[in-house]
Structures are given as structure tokens and as C-alpha cells.
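Next, two complexes with chain A in common: one pairs it with chain B, the other with chain C.
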Partner chain A sequence: MFEARLTQGKIFKQLIEALKDLVQDANIDCSEDELSIQAMDSSHVSLVQVNLQAGGFDHFRCDRTISLGFNSTNMSKILKCAGNDDVITLKAEDTADALTLMFESPGQDRIADFELKLMDIDAEPLGIPDTEYQCTIRMPSGEFQRIIRDLQVLGDTCVISCTKEGVRFSVSGDLGTGNVLLRNNAAEKEEDQVIIEMEEPVELTFALRYLNFFTKATSLGGSVILSMSPEVPVVVEYPIEEFGHIKYYLAPKIDDDA
Partner chain B sequence: MGIKQLAKLLADEAPECIKEVPLKSLQGRKIAIDASMSIYQFMIAVRQGGSNNPAAMLTNADGEPTSHVQGFFTRTIRYMSEGIKPVYVFDGKPPNIKSGELVKRREKREKAEKELAAAKEAGNIEEQDKQAKRLVRAGTKENNDCKKLLELMGIPVVNAPCEAEAEASALCKNGEVWAVGTEDMDALTFGCPVLLRKMTFAKSGKENIQQMNYKKAIEGLNLTHDQFVDLCILLGCDYCDSIKGIGPKKALAFIREYGCIEKILENLDRKKFTVPDDWVPNEKKAKEAEEKEEAEYDTDEEKEKTGKPKSDADEEDTEEEVVPIYVKARKLFNEHEVITNLDLKWKECQVEALTKYLVDEMGFNPDRVKSNIEKLQKAQKANTKPQSRMDSFFKPLPSKAGAKKPAKATVGSKRKANDTKGKKGAFFKKR
Partner chain C sequence: MSSKDSQEGKPFVAMVDCRPRTEDNAARSIVPSSLLDIKDPCTGEKRQYLTTKSKKRKPSVFEIQSLPHPRSDDYSAFFVQSRVISNPHMHMVTPVDPLYLLLPYFTSQEKWQPFDQLIQSKQIPSEQLDCLDMKQLKHLFEVNDAYGDDLILYRFSKEKTLTWLQKKLNKVQEFLKAQFLLKQQRKAVDERNTGGAFNSTFNLGGSDDIAQEEKKECDDVQCKIDKDDERQIKYFAVQILCEYLGNFWRKEFLKAQAMDDSILGLKKSTKAKSETQSKEVKPEVTSTLSTSSSSDNQLFSNPGMSEADKLMHYTMGSGESNTEEQKTKKRKEAPKSAGLKSLSKVNTKGMKSMTSFFSTKPKAKKAK
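Moving on, here comes the complex of A and B:
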């Protein structure tokens, strides 16, 4: 038996919105102390990883580990039926072939429940080692979204380079070129700050298409954290306050070794 | 072609080795493609004709067929646009013991020729079509056309010393390419780690690609590599006849029970199953020997001598060897003549030369050639700094050892009751 009740149902809505364009099918993996999702896009270029701690739910019960395979587009359709202020409850029996989603309005005067058919997903979860990154950049999530949107006008590939000077996003295409440089900025409000921590300079190239998919998570939190090391995937993390995170990994474009 | 019924046997006995994947998931992969098979496919499939005329191959002004060039050109661009890096492998000389199979194919051709003539006389267009397709032949000229095209396109070409599937599998085993693209199941017998089928986009790319995994196949069948090769020989390969009366189910059961062909032959009820003479040449020889009072050959001793190069040996009646044919076939599968450690390079295409070749020599429409070349250039530009893949950084977690293996369900289908073997923490270990 799995049951999870979330007063801020909006968070779950936003989470599914944040991954539905990137991945088609995924498993929700529930254990005693957390709910997690790991999935790759169909080209196996990026990976999304969601963690929600049991403590962040109003009520969380999971008797045994269970994987709930869902189609993200269908899940999103059902979640569209939930209001932003609704309380969302997820329920599934251990051997269930459907996930029950219950939406309660804040005044408890409207209760809707939906069932989403589940499926078996042939997923090969990847083991992601905990590593130290050479550069971590914390910035307002809205700023990141804007940079990606702006650069997409000019091209489809973006170079992110982190140096002493700051972090630079560059693009070049048929129209011309573009650069956005962000410097350390100790603004008063924590959310407006840009904080760059760097051991060694790093420069990596990425497909903007995927970075753009990642910014669908912007509404989940005020800040985003980029972590980079040479020749490994970048991590784009949106922390969800006192609850967990959604992390995106994107494999870089690498000079042809062949 | 290939191994009879192997695909079906695998689907029944080791379903986990077959996966349907979208074309997109092959992004960034190097794939060795069996060129000879592709040429045949194109010459048969790329045709034009009305309902009243038998469909004809595309030809240039001189009446030479160009279907294969058209097919190679567009399909290769399609691969490149998906970020796939193709390598084409062409057949070399056929192995000697394939001659039996080749004779059979020739007979089929002759039969088709006769039937075509008959159909023409009778005015049966459908039949004409069918027989004309059977008559298609990819000769040296067609091979060279394609090689020239690929060279101008900047795509690497490998000339296999012998069979193309063997060469492609060797490249794959050596890690030079990620997979082999062919319809021929032989590739698995050659030990190719990943085999891709249905890479034809016949249905405008909606069809998924079938991906077969060698390791999972032999694990699923619960056989060793040697046993798997013997199984393929029993099923029926290009190199020798198989035992009559042994179908896929029996072949697998025999291999599981006895482990190898030698043991099977020892235990086989010869009255029920007819073993081809060349499988047991020693018995025949022994009979003759009795008459001729020649020295007897000992099977085992003879087998040890298989180390000597006998592919050169004459296959005709004068043969002195008494190596059973299945041993030769086995040797072909395991020690095929291949070349590896090649320097595979994807270069830029030579626009002018390519246009000239396609428009002037092949008689293609200049506008279409131009737009296709543009597509190719775009794909090549995108590949100069190729997108890497997630699995080159993070490795899959050890799977749950088949704890949960319900039949694969498709999107929207009902979830199968999950058996309760999934112990706590068995799924998706957290790091």
C-alpha cells in the first residue's frame, strides 16, 4: 500500500509539467522514506531525477518498495484537472495496475478522484556517483530561463564557460553570435544572488534544446544550481524547499575523438 | 540467408534479448551496416511502374539500374541526420563451403527466369513483378557504384576479406562500432554483441528498430557460445545442410541435453533423422575404405587436425579431408577471416563531385540532389561536435537479476500484476 498526501498539490503538478516534455514514460519509485523518479529522454542524452522526501508530505505511507510506471503526457492531462490550491493525494495498492489521484479543494467542498492506468516500463536505472564538481553556479532560476530563451534565438548549441571573471553563456549561429556574462552578485535577497564557486575553469558545450526543456522547472523554485566539471554531464538542479529536488543531467557535446 | 528460425526461437525462448527501440535512441552510435544486403533491398524495393506495366528499376540514360544508388543516398542521409554514424561493410569472396548454398540460389534464379518468361507470355503482370524481383542481382558494378557514392559522401567503407556479417561483427566485438545493422541473423552466430534489424524506415520512420543483444540471447537460452554456434548450425545456416527432422525446438532440446553436435550424432536415432552424408564423412569413407582396404580414419584424430587451413582445400570429390562439414561451418563462425583496428573516418562530402556523379552519371533530378546534399552537409556539420550520450558517463545499476520479468507491456496497456518478489530496496538502489 502506498499513500501520499500533499497539501501543496501544485508542487506535484509542476514536477510533472517539468518532465513531461523531456521524457515519455517513467517510473515513480516509492520507498519508506522517499518518492523518486529517474528517467532519460528517448535519445539518451539527458536524464531527469526527482527526489521528494517523505517528510515533505503531510502524510506518507509506503509499506513496501513499489514502482509505478506512468506515461507523463497522460499523467499531465489528469493533473490539469487539479486546481493550484488543491490538496493532492496519490494512492496505489501493492499490486495495483492503476494509480489513484485525489484532488480536494481547499474548502473541502469538492473532491475529485481519477485513476491513471499504469504500465510496466523497461527502465535501466543508471547509477549516478556522488562527485565533487569543479564549478558550481547558483543563480536565480528566472535568469537562467531568460538566458536560455535568448540564446535559442541565435542557434542550437551553447557554450557555458566558467572562469574567474564569471560564467559566460555563448551561442553562435547563422544570424550571428551572442554572449551573456553573469558575475558574482551578492544581492540582498537570497533569490537574486549569483554565487559562483570555482576550483578550475570549465568550458562545456550543450544542446540548447535540452537546456530549454530543463527550464520548465523554473516555477518550482527561485534558484537553480549548475554544477560542471570537464567532460562530464552538467547538473542543473532546482531545489524544492525542505522537500527535495529535481535534477537534470545533460551530456555535453564532445570533440570527435574518432 | 541467415539462420533459419533463429529470430523466432529467440523471441520464444529468450525474449529479454529483443528490444524495440526508437531510431532516436541510436543517436551518436557508430553502426556497421551490411552493404550487400542493403543493395539487394534497394534493388527490389526502389522501383517505379504503373498498374499496367510491371514495375521497373530506376535506370539512368544508358539503361543501367540506379535504384541502389538512390536508396543508399537517401537512407545514409537519413542515418546521418539522426546522428548515426554508418560504416558500410561489403562482402568479399564467399567462403568455399558456401558453394552449396550458392548453387541452390542459382537454381532458384534459373527457375525464376523461366517463370518470368512464362508470366510474360501469359501477360500476368503481378507474376512478372514477383519473378523479376527474384532475378535481381547485385554484381560488381552495383557494389562499385555504391562504394563510389559513399566515398564521395565521406562515409567509411570496409571491404570484408570474406563475409560482410562476419567482418561487421568483428568490428563490433572489437568496439570499433556499437552495433551491426543487418537482417541476417548470422551476425549473432558470429558473436556480434548488438544486432539491429529493421533499419529500413519502410514505414516512414514510425516503425521501431529491433535491437538484439547477444549476451542476453545466450544467457536467455542458457547456452555457451560454442553451444549457440552448434545450435545455429542445427537450425540451418548458409554453410551446410541441416539434419532433416530437427526443428528449432528439437535442436535446442538436443543441444541442452548433449552439449555439442558430436554428442548429438552419437545419440541420434538415425532411423528417425537423416543425417546428410557430409556430416559424417568418416562413416562413408570407412565403408569405402573397407573395400579399398585403406587405412581407417579416426574421427577424433581428424578433428584435431582441423587447425590446418582447409578453406583453401578443394571442395570437390578429390577432397582428402574427412572433416565433417559442420565442423567446418563451426570454424567459419568462430575463426572467420576478418580485418580489425581500422581507421574509420567520417569526412566531409565532396559536393561538386557528388553532384556530378548523381546528376550526370546516374541521371537524378538536380534539384533533389541539391536539397539532399544540403541535408547531408547539415548533418555532417552537426556531427563535428557530436552529442555524447548519458550511458557513456553513468553505468546502469546491476539489474534485479530477473526478479521481475513480466511480459513487456506497451504504452497504455494494462500493468501485469507485479509478483511480490521485489524485496525492499531491490528496485532502483539509491546511491
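Moving on, here comes the complex of A and C:
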């Protein structure tokens, strides 16, 4: 038996919204102390990983580990029926083939429940080791979203280079080129800060369309953390309050012939 | 029905019109047969004919007609015992009088000469003559044995040939009349015994008992051929016969019949058409006849076919409703957001798969 009640139902709504453009089907893996999702896009060049600690829920009960396979588009359709202030409760029997989603309005005067049919998804999760990255950039998530959106006008790929000077996002396309440079900024508000930690300069190229879909998670948190090392996937992490995160991994473009 | 290999080695399926001729009745084995290139008596161009050789009976020549598949030229095959023959054409094999095949070589009366000398001068292929019964020659040639049995002389005779053609015509006419009458009688019987599901042209070839029974049943129904029908039948018989005659002989034959070329251009009446169809599925009585190749397709341009077509399409799973159903089913199976669709168009060249960076471990320790 799995049951999880989330007062801030909005978070779950936004999480699924942040997934649905990247992955078609995924498993919600529930264990005693956390709820996690890991899935790759159809091309397998990016990976999304969600983690919500049990402590973040009002009520969290999971008798035994369970995998709930769902279609993200269908899940998103059901979650559209939930209000932003609703309390969302997820329920599933151990051998269930459906996930019950219950939406309670803040005044408890409206209770809706939906059942989403589940499916068997045969996907073994990838083991992602804890690694030290050469560069870590923390910046306002809104700023990152804006940069990506702006650069997408000019081209399909962007170069992210992290140097002493700061972090530079560059694009070059048919109609011209564009550069955005962000410098360290120790603002008063934590959310406005740009903090660059760098051991060695790193320069990597990425497909902008993927980065753009990562920014769908912007509403989940005020800041985003980019972690980069040469020739390994970039990590775009959106911390979810104090109890979880959504992390996107994207393989860099390595042009042998360019 | 039997399957045979042509000279190119490509097998084909042929429906044999006259079973007793190709099968040795006592042994129930198929008489060896081969394909021959012989001049078509009508066009003068060479085409393939089937010949059979048997010690017990005289060899015969068969005309081959290919019927295209009514629906598909590309995707059809026949199952013959444990073999699959992927040739979309069905071939009709009908016996033809070998004398017709000799006609293109002779036009006018010539001098007396021995037969060997005759065929040498005309360059008639010897294989073609193998199928010929020497007794038949008296239909076309004047025979002179004045010099004894060792030296029999032949002289081609136009008059004899035309007389022979007239006999042939009479036979065809007789056959067509009999068919016409039978059809009329059946129609009458059908009307009396309602609920008959047989086509009026349906006939079980070669089974005389059934034909006799049927005849008994039909006997009490009196049918007559009026003058108009008789004329139609004659026209049709002449048309059939002319398909085996070259330009020269067609003109001579029509002149003898007091007809002109226009009769051949006449659009066949519907009556004649139905006759054609019935002949296609019947063993021939006169043995020399075959239907016109131009009328072959009429068998399939039947108005009732469209319904059968639809049914066939449906059962073969190519019906429209079926594909639509499949489409919606597919759509239901994998809903995709607009984002997913646009993502699939991204150029991922130079990007490695995630599995090349991270290995599959059953339980991974999550970062932070």
C-alpha cells in the first residue's frame, strides 16, 4: 500500500508538467523514505531524475517498494483537473494497475478523485554516481529561462563556457550570433545571486531545444544549478524547497568533424 | 487443373479445357506435354502452343490463353498440392484443330507434289507436323495415288478448304444453338423452381449423367430459337471462326458466306456475350474452337463483381473501416505531448547516449 499526501499539490503538478515534454512513459518508484522518478527521452541523450523525500509530505506511507508506470501525457491531463491550491493525495495498492489521485480543495468542500491506468515499463534505472564537477553555476531560474529563450531565436545549439570572467552562453545561426555573459553577483536575496564556482574552465555545446524543455521546471524553484565538466553531461538542477529536486542531464554535442 | 513449367522455367497454372485428352484415363497420369512456337493463324506471328505426345493416342495441339487476375497483377499466387506458384496469370488451355495452323502457309492451288516436298518448300516446322493426323489432310488437299502407295501426291485446294471451313462453321453454330436452347430451358426451369442458386451458365464439364438428368428435366420445357436469334448465332459463329483465320482466308471465307468485313466489327450483342462466358467455362464439343481473347476480360467486368470485391477487400483487412480502427487504436496506445513530438526532430548528432555515461545499476545512490 502506497499513500502520499502533499499539501502543496502544485509541486506535483509542476513536476509532471516539467517531465511531459521530455519523456513519454516513466516509473514512479516509491520506497519507504522517498518518491523518485527517473526516465530518458526517446533519443536517450537526456535524462530526468526527480526526487521527493518522504519528509516533504504531510503523510507518506509505503509498505514495500513499488513501481508505478505511467504515461506522462495522461498523467498531465488528469493533473490539469487539480487546482493550484489543492491538496493532492496519491494512492495505490501493492498490486494495483491504477493510481488514484485525490484532489481536495483548501476548504475541504470539494473532493475529486481520479484513477490513472498504470502500465508495466521495463526500464532499469541508471546508476548516477556522486561526482565533483569542474564548474558549478547557481543562478536565478528565471534568468536561465530567459537566456535560453532568447538564444533559441538565433540557432539550435548553444555553447556554455565557464571562465574566470563568468559564464557565457553563445549562439550562432543563419541570421547572426548572440552572447550572454553572467558575472558573479552576490545579491542580498539568495534567489537573485549568481554564484560561479570553478576549478578549471569548461566549454560545452548543447542542443537548445532540450535546454528549453528543462526550463519548464522554472516554476518549481527560484534558483537553478548548472554543473559541468568536460565531455560529460551537464546537470541542470532545480531544488524543490528543502525536500527534493528535479535534475536534468544532457549529453554535450561533440562534433568530430567540426 | 495442372501446373507446368514453361521453357523459361517459370511455372504457371493452366486450366485444361478437355481433360480426357491430356490425361491418360487408364493410368490416371498426365500425358507429357511441351511448348511449341507456332505461327498464329490469325496474326501470322509466332506464339506458344502446348502439344501433348502419347503413344496411345494421337498428339494434339492446345491453344494457351492467359487470364489476368481480376484484382491484382502483382500479388497473387496459386497453391498446387504442396507448391506455391507465384504467377498471377491463370492460363486456359483449349484444344485447337492443327489444320488451322497450316492455313497461313497455303493460299492458292499449286502443282501436284509429294507431301515431304510440299512442307519443305513452305518451311513448315516439323514439330508442328507431328501433331497432324495424315488423314486430316484430305480436308485441305486433293490426294492423288495414281502412282501407287509409294508416291502419293498432294495438291492444295481452295475449294476443299472452304468446304471444310463451312463444316466447321456448322459445328460451331450447332454448338451455340444447343447452348442457347439449354440456357433458355434452364431459365424456364429456374423460374418454375424458384430459389435456384446456380448461374444459368453453370455446367459441370464432362459429367454426362448430370447432363442427361438435366436434359430430362428440361425436356418438357419447349424453347424455340427465333430468326433474329439464329442470325445472331450465325454472326457469332463466323466471328469465332474468323479469329483463327488470317487476312486472306478471312476474306475468302466471308465471301463464301456472302458477308463482309463489317460483321467482325459489329459490337457483340449481350446475348453473344453471355454465350462467350459460358463457353469459357465449358469443355468444347467441337474441339476446334476457342473463345476470343478479347472477350476474356468480360468474365470479370461482371456488375456483381464490385460487391464481391468489397467483401474481399474487407476480409483481406484492407477495408477502410479497418485501417481507421487501427489508427485510433495506435493513437490511444501512445499519447504524446507536442513537446515530445518536437523533441524527436532535434538533431542529436554528436550527442552520446546517457547509457554511455551512466551504467545500469539496480539501486543507484542518488546525489545529495
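Assume the second predicted complex is superposed on the first by the 256 of 258 C-alpha atoms of A that agree within 3 Å, B and C clash if a C-alpha of one lies under 4 Å from a C-alpha of the other, contacts with A are read in each partner's own complex, and residues count from 1 in each chain.
Here, a contact is a pair of C-beta atoms (placed from the backbone, for glycine too) under 8 Å apart; a residue touches a chain by one contact, two chains touch by 3 or more.
Fair warning: this is a prediction, and the values are worked out from it, not measured in the lab.
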Give one word, clash or fit, describing how chain B and chain C relate on chain A after superposing. clash
Scan A:Val232 for contacts with chain B and chain C and give back first, second, both or neither. both
Once the shared chain is lined up, is A:Leu47 touching chain B (first), chain C (second), both, or neither of them? both
Let me test your reading of the model: by the given contact rule, A:Val180 touches which partner, first (chain B), second (chain C), both or neither? neither
Which holds for A:Tyr249: it touches chain B only (first), chain C only (second), both, or neither? both
Regarding the shared-chain residue A:Asp120, is it in contact with chain B (first), chain C (second), both, or neither? first
With the two complexes superposed on chain A, say which partner A:Gly69 touches: chain B (first), chain C (second), both, or neither. first
Which holds for A:Ile195: it touches chain B only (first), chain C only (second), both, or neither? neither
Kindly classify A:Thr95 by the partners it touches after superposition: chain B alone (first), chain C alone (second), both, or neither? first
May I ask you to decide whether A:Asn27 touches chain B, chain C, both, or neither, giving the answer as first, second, both or neither? first
Tell me which region of chain C runs into chain B after superposition, given the options 93-101, 147-155, 201-209 or 345-353. 345-353
Could you list which residues of chain A make contact with chain B in one structure and with chain C in the other? 24, 36, 40, 42-47, 71, 74, 124-130, 207, 232-233, 249, 251-256
So in the complex, which bits of chain B are touching chain A? 19, 22, 24-25, 27-28, 30, 83, 85, 344-346, 383-397, 399, 406, 408-418, 420, 422-431
Which residues of chain A touch chain C in the complex? 20-24, 36, 40-47, 49, 51, 71-74, 76, 124-131, 156, 207, 209-210, 213, 232-233, 245, 247, 249, 251-256
Per the touch rule above, chain A residues touching chain B in the complex are 24-25, 27, 29, 31-32, 34, 36, 38, 40, 42-47, 64-67, 69, 71, 74, 94-98, 117-120, 122, 124-130, 157, 205, 207, 232-233, 249, 251-256, 258
What does chain C use to touch chain A in their complex? 334-340, 342-344, 346-355, 357-368
